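In what follows, subunit A forms one complex with subunit B and a second complex with subunit C.
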Partner chain A sequence: MDYEFHWNIVFQNMPELLNGAFVTLHVSVLAMFLGVVIAILLAIAKMNNSKPFCYVATVWVEVARNTPALFQIYMAYFGLGAFGIHLSPYVAVLSALVFINAGYLTETFRGGFQSIPATQYSASKSLGMTSIQAYRYIILPQMLRRIYHPMTNQFVWSILMSSLGILVGMSELSGTTQRLQSLSFRTLEFFIVAAVMYFVITKLVLFTSSLLARRLFKGEI
Partner chain B sequence: MISVQNVHKSFGDLEVLKGVSLDVEKGEVVSVIGGSGSGKSTLLYCINAIETINSGKILVDGVDVHAKETNKDKLRQKLGMVFQQWNSFPHMTVLENAALAPRIVKKMSRDEAMEIAKKELEHVGLGDKLDVYPTKMSGGQQQRLAIARALAMKPDYMLLDEVTSALDPELVGEVLDTLRLLAEEGMTMICVTHEMGFARDVSDRVAYFHQGVIAEIGEARQVITDPQNPLTQKFLSKVR
Partner chain C sequence: MNSLFTPLSWSDSGLILTGIWNTIIISVVAIVVGTVLGLIVGFLRAESNKAVNVLFGSVLDVLRSVPLIIQLILFSTFVGAMGNPLAPFVAGSIVLSLYTMAFMSEVFRSGFESVSPSMQIAARSLGMTKWQTIYHIRLPIGLRAVFPSWLGVSLSVIKDSALVSVIGYMELLRTSEQLISRTQQPLEILIGVGIFYFIISYPLSHYGRYVERKMAI
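Now for the complex of A and B:
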């Protein structure tokens, strides 16, 4: 192999890379949080069959799940720009990720909810529980167990997908890496280090999530 | 006392209960037998206000179950119910299953609820399973858990809907034994059942349901061994 590795320049730029990694994590956490909130509303809309809401939810879910993330980020950044709505790269990527997360999680939540047998509800009611108690103690805890892993996966996916920020000049981990390598021409070194950082971030997320799961769900999952 | 008075109940166009009347005294055990789809489960659900009724009246200790002003959650505390398909709460241990409702519905302290739950679990022979998760248990054990869970609310009545019919044959006995024990202790029960031996030996009276009406009702041994109505005779000759 002829390529000579020079790592020094990468380490000199470590603070910037770490800053990029922080932005990556930041945008993914926010996209996840907003995605969950919207997905809960969309899932309720879909299950209630209330016509206009159900329609909006269905279109949202179908578009989010059946078009490329790249396209959605472009739409948020360039597409809306054409209509005079200029989003910063950060907000454009955030909106696209929220859009996709909400789309996927809607189906996750709906499936999770429907997987709880109706008899769990009638059993709760027969013990004198109010509807709110039945949801609080019986339905939602079981649902949470079933959607927990799909949610974790969605979060990891968002982290990795936020790297598309590179295309609209966002300074998350990939964008930062891109800029630094083009200044120094140490392309391979920078991208290897960035890949390792992505790997470490997602592994940390998965590890924390399974620790949390063990604390939250002591019983059968 | 549970008093069912000329109750009619339809699902859409299908009339499932066509004028059912039944009085069950305190301390009495009444078994309900009858063909599939004759409305047995529906009657229990109506007594427990899980289903509404179209006309007639159901009184529990004089309280009109279906009246608007009746607090149904409160009323259900009096009526323990066990379903055909065991439905233990899979995310809680056996002890937590039985202690939950006393704690959150009756607002007992944690210790008090645990105490009562433990006692009822021992009662049904699950004293050694307190910290087990229900999914690790057999159907018969889960069904006994469902009985203990209902008993922990100290109900005045128990409504049992074919609690053995989803069980493997070798597990039926242990659950029936538990019900027999309750009957001996004087619990008031309405048991929908396909176990004719149980109906004959344990209950005071047996009601035969046919297409939404009680076609025959009488003293248990008499209805099972010497039915008067030809419909009952036909049904019993088939299930034997």
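Now for the complex of A and C:
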């Protein structure tokens, strides 16, 4: 082994790497939030029988689930150029992640909602609850319990997939790493540190999520 | 004057077909190798005691918690720095196979654990040897239970194979990217690429869901 590791340059650039990690978290949180909002709308559209909305939702879900994430990012970055829409790398990656998150979460939400028997709604009505109360106290808490883990996984997946920003020149963790290593040629060192940072971020997210779950569901999950 | 860019023509179909072929071949290699390794590791994890399990689990965890693209770059730079650079196809296949293995082993482990211990005891009491129990009872029952999950992981590997382009492997998305930079017709090319992935993935994912529904009843 005749490769000498030089870690100094990596530590000198640590602030920039941390900044990149922050952008990674930033874009994933935003993608998750917007994805959830759109997914709720799409799930409602899919469960309603109004044809045009249901059709749009189905196409959205199937395209998001059956094409690669990189394809979506290229589509947002290069493809929309044909319509005169030029997105910055950040917006391109964000919109691709939102598109995919919404597609996957729609099915999660729909499955979670349908897993709760309709009789529970009737039962709560017969106990004198209003519709809103029935959803607020009976349906939604149970649903949240079932979709919590899939949602956490989707969030972790967003963090990992935001690394594709490297291919369109976005300055999140991977993109920053790529730029810094091209300045110093310490490719191995920089990418090892980036890998460790991704690992730590993922573990922190999973840890926080399980703490939150314990508080939210009091252990019954 | 616009001679720098040439429009898409039929002579490009060879390049596109090469890209399609490369995508298919690396996906097949990764799925086959990943399935075989995942089967072995999954079985060992279902069999072994807690300490071994934790050790295996933490190694596999790293493969699942670091983005594939970083793994690809790290691996190909690493073997390059060690003095024996690998061809993009070889390096890509190795990383993608190991990545697949990490997911497959989890799938198979849950499959093996879904076969109830009493069924194995029953098989042993009928005079089957340990290997006969594995071969005739645990494998068929465990594997059938996880077929939909296996299909799901395989489909995601086909989609993730697009990332091998980062180390210079000429798969479909990379060839299309090169065509885009020459022709400046991103939309037509990308939609074609999207349709290719879609017609592979869509029927299979529906078949997986169909099997899952059928087994649930």
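The definition used in the following text is that the second predicted complex is superposed on the first by the 220 of 221 C-alpha atoms of A that agree within 3 Å, B and C clash if a C-alpha of one lies under 4 Å from a C-alpha of the other, contacts with A are read in each partner's own complex, and residues count from 1 in each chain.
Please note the rule applied: a residue touches a chain if its C-beta (ideal position, glycine included) is under 8 Å from a C-beta of that chain, and two chains touch if they have at least 3 such contacts.
Remember, predicted model here, so these are calculated numbers, not experimental data.
Asks: Quick one: subunit B and subunit C on subunit A, clash or fit?
Replies: Subunit B/subunit C on subunit A - fit side by side.
Asks: Considering only touches as defined above, state whether A:Y55 meets subunit B (first), subunit C (second), both or neither.
Replies: neither
Asks: Quick one: classify A:F22 as touching subunit B (first), subunit C (second), both or neither.
Replies: The answer is neither, since A:F22 touches no partner chain.
Asks: Return first, second, both or neither, reflecting whether A:F33 touches subunit B, subunit C, both chains, or no partner chain.
Replies: Touch partners of A:F33: none, neither subunit B nor subunit C.
Asks: Give me the angle at the C-alpha centre of subunit A between the C-alpha centres of subunit B and subunit C, rounded to the nearest 10 degrees.
Replies: Given the fit on chain A C-alpha atoms, the answer is 100 degrees.
Asks: On the A-aligned overlay, A:F11 touches which partner chain: subunit B = first, subunit C = second, or both, or neither?
Replies: Neither: A:F11 stays clear of subunit B and subunit C.
Asks: Applying the document's definition of touching, compare subunit B and subunit C: which contacts more of subunit A?
Replies: C
Asks: Once the two structures sit on chain A together, report how near the CA atoms of subunit B get to those of subunit C, whole Å.
Replies: Minimum C-alpha separation, subunit B to subunit C: 19 Å.
Asks: Taking the two structures together, which residues of subunit A meet both subunit B and subunit C?
Replies: After superposing on chain A, no subunit A residue contacts both subunit B and subunit C.
Asks: In the complex, go through subunit C and note every residue touching subunit A.
Replies: Subunit C residues touching subunit A: 62, 65-71, 73-74, 77-78, 81-83, 155, 159-160, 162-163, 165-166, 173, 176-177, 180, 185-187, 190-191, 193-194, 197-198, 201-202, 205.
Asks: Using the touch definition up top, name the residues of subunit A that touch subunit C in the complex.
Replies: Touching subunit C from subunit A are residues 1-3, 62-63, 65-71, 74-75, 78-79, 81-83, 156, 160-161, 163-164, 166-167, 174, 187-188, 191-192, 194-195, 198-199, 202-203.
Asks: What residues of subunit B sit close enough to touch subunit A in their complex?
Replies: So the residues of subunit B touching subunit A come out as 48, 50, 73-74, 76-77, 79-81, 83, 85, 87, 89-93, 100-101, 104-106, 133, 135-136, 146, 149-150, 153.
Asks: Please give the residue numbers of subunit A that touch subunit B in the complex, ascending.
Replies: Checking each residue of subunit A against subunit B gives 117, 119-120, 122-123, 125-130, 133, 137-138, 141-142, 145, 217, 219-220.
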